[in-house]
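Chain lettering (A, B, C, D and E) follows the sequence in which the chains are written, and residue indices restart at 1 in each chain.
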Amino acid sequence: MFEKRYSAPGSSPATLLPHLVDGKTRKPRIQCIEYDAGHFEEREITDIQGLISHIDNHKITWINVDGLGDVEALQTLAAHFDLHPLALEDALNTGQRPKTEQFPGYLFIVAQMVYQDKKRNICGEQVSFFLGDHFLITVQEEADYDVFNPVRDRLRAGMGPIRKSKADYLAYALLDSIIDHYYPVLECISESIEELEDDLLEKPSRQMVLALHEHKRSLTQLRRLIWPLRDVVNGLLHDASGQIAEPTKVFLRDCYDHTVQLMDLVESYKDITSGLMDLYHSSVGLRTNEIMRVLTVITSIFIPLTFIVGVYGMNFAPDPPAGRTLPLNMPELYHPYGYIGVMTVMAVIAAIQLWLFKWKKWL
Amino acid sequence: MFEKRYSAPGSSPATLLPHLVDGKTRKPRIQCIEYDAGHFEEREITDIQGLISHIDNHKITWINVDGLGDVEALQTLAAHFDLHPLALEDALNTGQRPKTEQFPGYLFIVAQMVYQDKKRNICGEQVSFFLGDHFLITVQEEADYDVFNPVRDRLRAGMGPIRKSKADYLAYALLDSIIDHYYPVLECISESIEELEDDLLEKPSRQMVLALHEHKRSLTQLRRLIWPLRDVVNGLLHDASGQIAEPTKVFLRDCYDHTVQLMDLVESYKDITSGLMDLYHSSVGLRTNEIMRVLTVITSIFIPLTFIVGVYGMNFAPDPPAGRTLPLNMPELYHPYGYIGVMTVMAVIAAIQLWLFKWKKWL
Amino acid sequence: MFEKRYSAPGSSPATLLPHLVDGKTRKPRIQCIEYDAGHFEEREITDIQGLISHIDNHKITWINVDGLGDVEALQTLAAHFDLHPLALEDALNTGQRPKTEQFPGYLFIVAQMVYQDKKRNICGEQVSFFLGDHFLITVQEEADYDVFNPVRDRLRAGMGPIRKSKADYLAYALLDSIIDHYYPVLECISESIEELEDDLLEKPSRQMVLALHEHKRSLTQLRRLIWPLRDVVNGLLHDASGQIAEPTKVFLRDCYDHTVQLMDLVESYKDITSGLMDLYHSSVGLRTNEIMRVLTVITSIFIPLTFIVGVYGMNFAPDPPAGRTLPLNMPELYHPYGYIGVMTVMAVIAAIQLWLFKWKKWL
Amino acid sequence: MFEKRYSAPGSSPATLLPHLVDGKTRKPRIQCIEYDAGHFEEREITDIQGLISHIDNHKITWINVDGLGDVEALQTLAAHFDLHPLALEDALNTGQRPKTEQFPGYLFIVAQMVYQDKKRNICGEQVSFFLGDHFLITVQEEADYDVFNPVRDRLRAGMGPIRKSKADYLAYALLDSIIDHYYPVLECISESIEELEDDLLEKPSRQMVLALHEHKRSLTQLRRLIWPLRDVVNGLLHDASGQIAEPTKVFLRDCYDHTVQLMDLVESYKDITSGLMDLYHSSVGLRTNEIMRVLTVITSIFIPLTFIVGVYGMNFAPDPPAGRTLPLNMPELYHPYGYIGVMTVMAVIAAIQLWLFKWKKWL
Amino acid sequence: MFEKRYSAPGSSPATLLPHLVDGKTRKPRIQCIEYDAGHFEEREITDIQGLISHIDNHKITWINVDGLGDVEALQTLAAHFDLHPLALEDALNTGQRPKTEQFPGYLFIVAQMVYQDKKRNICGEQVSFFLGDHFLITVQEEADYDVFNPVRDRLRAGMGPIRKSKADYLAYALLDSIIDHYYPVLECISESIEELEDDLLEKPSRQMVLALHEHKRSLTQLRRLIWPLRDVVNGLLHDASGQIAEPTKVFLRDCYDHTVQLMDLVESYKDITSGLMDLYHSSVGLRTNEIMRVLTVITSIFIPLTFIVGVYGMNFAPDPPAGRTLPLNMPELYHPYGYIGVMTVMAVIAAIQLWLFKWKKWL
């Protein structure tokens, strides 16, 4: 739940802490793509310093750092591209709210991508963008799944405007891919909710309440991510730093529409889960009511009858001891029609009760 | 539930996917109406290219595409009228939020029409408008019902200002027809809610909770459509592109009032359904209470009595074995007034309990 | 519930439909009052055309149309005073949201008056104002009750500033009268709620929940009317058309305060009804709890005792057949202290249970 | 509840109605304090006209009218100080929302003071201020308690800036005293809520729900008073009429902070009462659950056992009539181990049930 | 709960009241740190007057007053640094809302630090800042825990920009430390909530509801502190007084992000506690339902059977007295298959009921 990484309270600002995997820092996978309209080169990087010395300012350079275990590599990059230590700290302290900040020479964007892992759990991962004129540095947590692959494919294929545009279009394409990946996650939740809805009316169970609760929580969390993401896209749309070119803004407007739609979907799914929760409660209430009714009717009919048969099971001696003759105890027992009479009386009582409950609409 | 069509995450923007019916694309029905104050011509189109070459810029051309299965036809239209691929993508990816976007030379408007099908289910259908100076292209999903027919009749009849006005008035008339069609849908929901209200107090049942839940959901969905529709109309009302003429704006103001009223109605129906839900719950609670009361009273009266008769059904031998005479077990059984006495005691106990419950207002 | 009148979807804007009473249109009652500081004349009108030809522009003319059955009369008035057909349509299509619209030469105001009929039902009625420089046309639904009478009396008496002021002051006086009539309606609801509150704690019943539900609904409806009415008064207060003179605005500010107070009252009554609903539910819950407790205690005490007496009612034969002597079945029955002993054991069990329930604070 | 006094609907604006005590108007207590830095004079006034003729414009004159029964005295004051009749009407029609209005030459301020009477009921009283350059007229309802006394003492003592400042500082001091008197009232509610909280968990009762409901209502009412009071102070803080001097504004800022804090306190107390209400409900629910559990366990254990002993209480004759020997009815009754066997079987059944309930965690 | 200290209503503004510990005022601990880039001096102060006379305006002087018992010392400081009495009053009247106020020559900031004491209770403490060009006076309540220690260590170590910057950076560092200390408090609550979540589904108990209620309350209180704290940081970020230098604002932006994240976390934890509360209620409801079901089934099966065995326990005499032979009372008792027959009938009844309950899905 508490996903926010934070430095020790009172520590100096911009304290950079590497992420540990099993208690050890792990080398990130660093990938560099250099391209322009006619050129495309893709490399795995191990020597940061070497990479930096060969950057060609006439091409677009996209450096993707996959893993947060190597603070020094990031600091080397930061030194070259003049990245602010506070921005670097935000990139490392995952669990940030999506935001966009303007620094001299580049824009700093934090976004959260979501995807489903193999067990269909919803996972989140922070992606930070440093967007300069001819470079884009993306820093992401190490994960099994990478939402950037379709964009890499488009870059490789060189189709569409992506190779002909600047780094801002690349940033848009990546952001758009992140946002688009919210749809399948939502779709999966929606399908699960629909299934629950059908089951809920059949046989309400505790598992379904738990599942609804889980969905509600996922939706609350998605909402927490999408809401500021919308602000990020809106911020880029109204960017005045000049980092975002006008043609890219048309595409960002489309992107913005998607975030609004996502919010819309999340809100309506939340409404629906709340409605289902209510429905579940009223369903359980009605059920209890129905059961109570049956219990009442059966009990109310048989308890007086059981009392009557009990009366005639009492062992009062018919003959008073010592010659006294009156009154005779329980004379009904000795009446030839006693048994039939009592049975009839009980049948009548039961019938009256049944009629009464029918009349009261309790049956 | 998840009505939003979306392209694969990370795919290139403006990817156009045709709608499939039974796995196949189907030719849309394309209709073209050309008119001015003195002229009216209505044609079914099969050859888009032919249509385009004969467009007369001195008249208003309304092209209505009914069905989303033919991407090429749309691209041909887009090429001639210079429509942006992102707008075309939105027209195809149904389930968009109503919105209005300004492009050079035309306005792009997305609206959602609603109507009830033969089984009284509420159906939604996306309608996209491309509104230029002398043309209007409407792209809608294929459906049994068409809310545009009354406007076509008005065009054919040539009454009112519709034939004398520009394309913007036609767009207003179509939008107004879409908005007006929300009224009968709401009216139908309102009637159903009123019926439910009467029944609810008579005999609350699970079916009614389901119906209320269903209405609440429909109203939530209508609200999701009307709210942005209001913004669309407001956007057109304050349009600065010059696409909407001043005289049309007076009519759009009327249209805007309708959307505000629709919101108002939806909100109050939502309030009423929530109130009925509460009423239902308190009704069920009261019922349970009443049943409990009867159960308690009957049980509380008869259980002690049954115990007493049980006591006198015990088989304690009156004569102690072996010459011991004292105490005599259960002497009441041999007392001449034993039976009458026990019956009287039980009657008194029952009477006291009845009086107690009456005093406690449990009866 | 669905009080909004609307024209057929897709019909031409400004379609005027007369109101029908028992399937027939009925002539409205038209009254004309002409006045200035020194002059006052009040007439019933049957001939609209005649009225129009004699209007004196140096005096204030107030034409009050009482009934919506005569479209032609309204169109005649509209033709003379140049009233917009859309405004006329709004005056006829009752159930409008209160609103104010500016047209060249006049202001169009829609308000909703409320009053209680003889059976203390809350009734609403739409009043439309066309406020020009020297004329005021009010169009209202036909009703038993007219909130304008006190203003007519003030006009007749000629006291206060009303006769010396322009038509805008008259419009203010009428609007003020409409707003003031909300107070007695609210007061009546408030008295009813207070009565309910006292009863609720004594003996909660289903009737009271229904009454609370009814009040909540009335308050929701009043809120729907007062909220836009406040905007109307605020709009007039900040009117820039020059139709409202500065001295009248001081009075409108007072009027605005009243609408704010009305909102305040409605909101707090809504809060109170919600609170009472909650109180009712917790009252019912507590009651159920109390009843359950009694049931549990009685059942828990007597069920084990009944079991014990049942044991000694079993007919196990004391003498084993065929000379076997051991064990003797149910020897307690033949023990001289058997009966006393069993009774004592049962008393002890009951006492322990009572003490246990007391200790658990269930009694 | 309906504390708002209002004139008859439709009556002329600024209709002044005196307050009646036991059906009669009562003379208000009028007190006049004249002061400047070196001078202080305090008088009870009976002759308004005489007072007016002796007002010294070089000193600050504070006229405090205590009681709303004398309309003429107020009108005399109004005539001299040029007070607007609508403001006078608001001063008389108690139950106004706190507000501030600017009139030429003076500010009109309405505030609501609250205090607790001897029975610890929360009472409200309207205070109206007419603040001119060198005069302050306060009009308040007649009450046992006067929150102005501490300010009078400060005036008499002449300490602090109060005697050296203008009338605006006096108005601030009075307003501050009114606002400060909300604190003890809130503190009292908070103490009562804390007591309730401790009791709630011990033994939930209906009285506590009523008390919580009462507090919630008081808090709602206080909120209704404080919210507009905050606006009043904010309005004075940003006063542009020049009636409020800059040095006083520093003090008003402090005053404003107090209103914000009051809102904050009211909101959090409301939250806490809502939380307690919820806690109460869940407490009652849990209790019901616990009681149900005991009932179920006892009933479920003893009902089958009672059935078994009932079986062996049946009077089936062991010897078939007329020489038929098979089957022997109820042979268990004649078995030497019959009784022990049945008792053992019942003990085993009870033990199994107990284990089952333990396993299901119902015990 | 009512943590707000306030002066007696109506008392003069800026009345300074010392805090009492056990009824006595206690000397505060005053610490003075003087530093610049090359110099650092730390002293405990007893003689305020002496301190003041030696202040070196070329260095940054940080005076930290730890305890609110000595009004005179504060007044001496106030006299030297020209601090406004109203600000001093706010520093003494703890329980203020976080706020920032601009005075000539310095900024006055009120913040609330939170920390957990040894028993893991959440404690709050007010810290007031007087931030001038070359001085910073912090006034805090006396407490065991001091969140300023890490900043003192950084000052002593002289690392980072803290010694090279002005007093505004020191104020930022202290504020940042206060804000950072909210994280561990939230983390602790979050862990406790997670534990509760796991337990809730296993065995809902009253203790857990109380714990949830407690957490909800803590979160509400934290929210009340963080919300205005965010405004404080935002106010400093947009400070126009020149007290905050531009380079410090970059760091304040980071600080602002933290407050936004804190709000976010608090809101989502509140959501989660509400969700758990709901889950608890539905869990209890489901449990009650399940128990009811068992009760119904057992009761419904055995009550009719107990009635039947009761019937055959009645003592109706088989032989009518006095030679009458017909009808024979209870002939079943004398039938050779009577016992077997009755047992079979009862088994059939039980089986039918079981099948019925299974079919109704009550089992």
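By definition in this document, a contact is a pair of C-beta atoms (placed from the backbone, for glycine too) under 8 Å apart; a residue touches a chain by one contact, two chains touch by 3 or more.
The structure presented is a predicted model; accordingly, all values stated were derived computationally and were not measured.
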item: Third chains touching both chain D and chain B; value: C
item: Relative orientation of copies chain B and chain C, as a Cα rotation angle in degrees, nearest 5; value: 70
item: Distance between chain centroids, defined by C-alpha means - chain C, chain E (Å); value: 40
item: Inter-centroid spacing, chain E versus chain A (mean Cα positions, whole Å); value: 25
item: Touching two or more other chains - residue numbers and ranges from chain A; value: 285, 288, 292, 295, 299, 303, 306, 310, 313-315, 330
item: Of all residues in chain E, those that touch chain A in their complex; value: 147-151, 154, 159-160, 162, 176-177, 180-181, 183-184, 186-187, 190-191, 193-194, 201, 250-251, 253-254, 257, 260-261, 264-265, 268-269, 271-272, 275, 278-279, 282-283, 285-286, 288-289, 292-293, 295-296, 299-300, 303-304, 306-307, 310-311, 313-317, 320-321, 324, 326-327, 329-330, 361-362
item: Chain C - residues contacting chain B, complex; value: 1-2, 4, 6-13, 84, 86, 89-90, 96-97, 99, 101, 203-206, 209-210, 213, 216-217, 220-221, 224, 277, 280-281, 284-285, 287-288, 291-292, 294-295, 298-299, 302-303, 305-306, 309-310, 312-315, 318, 330, 333-340, 342-343
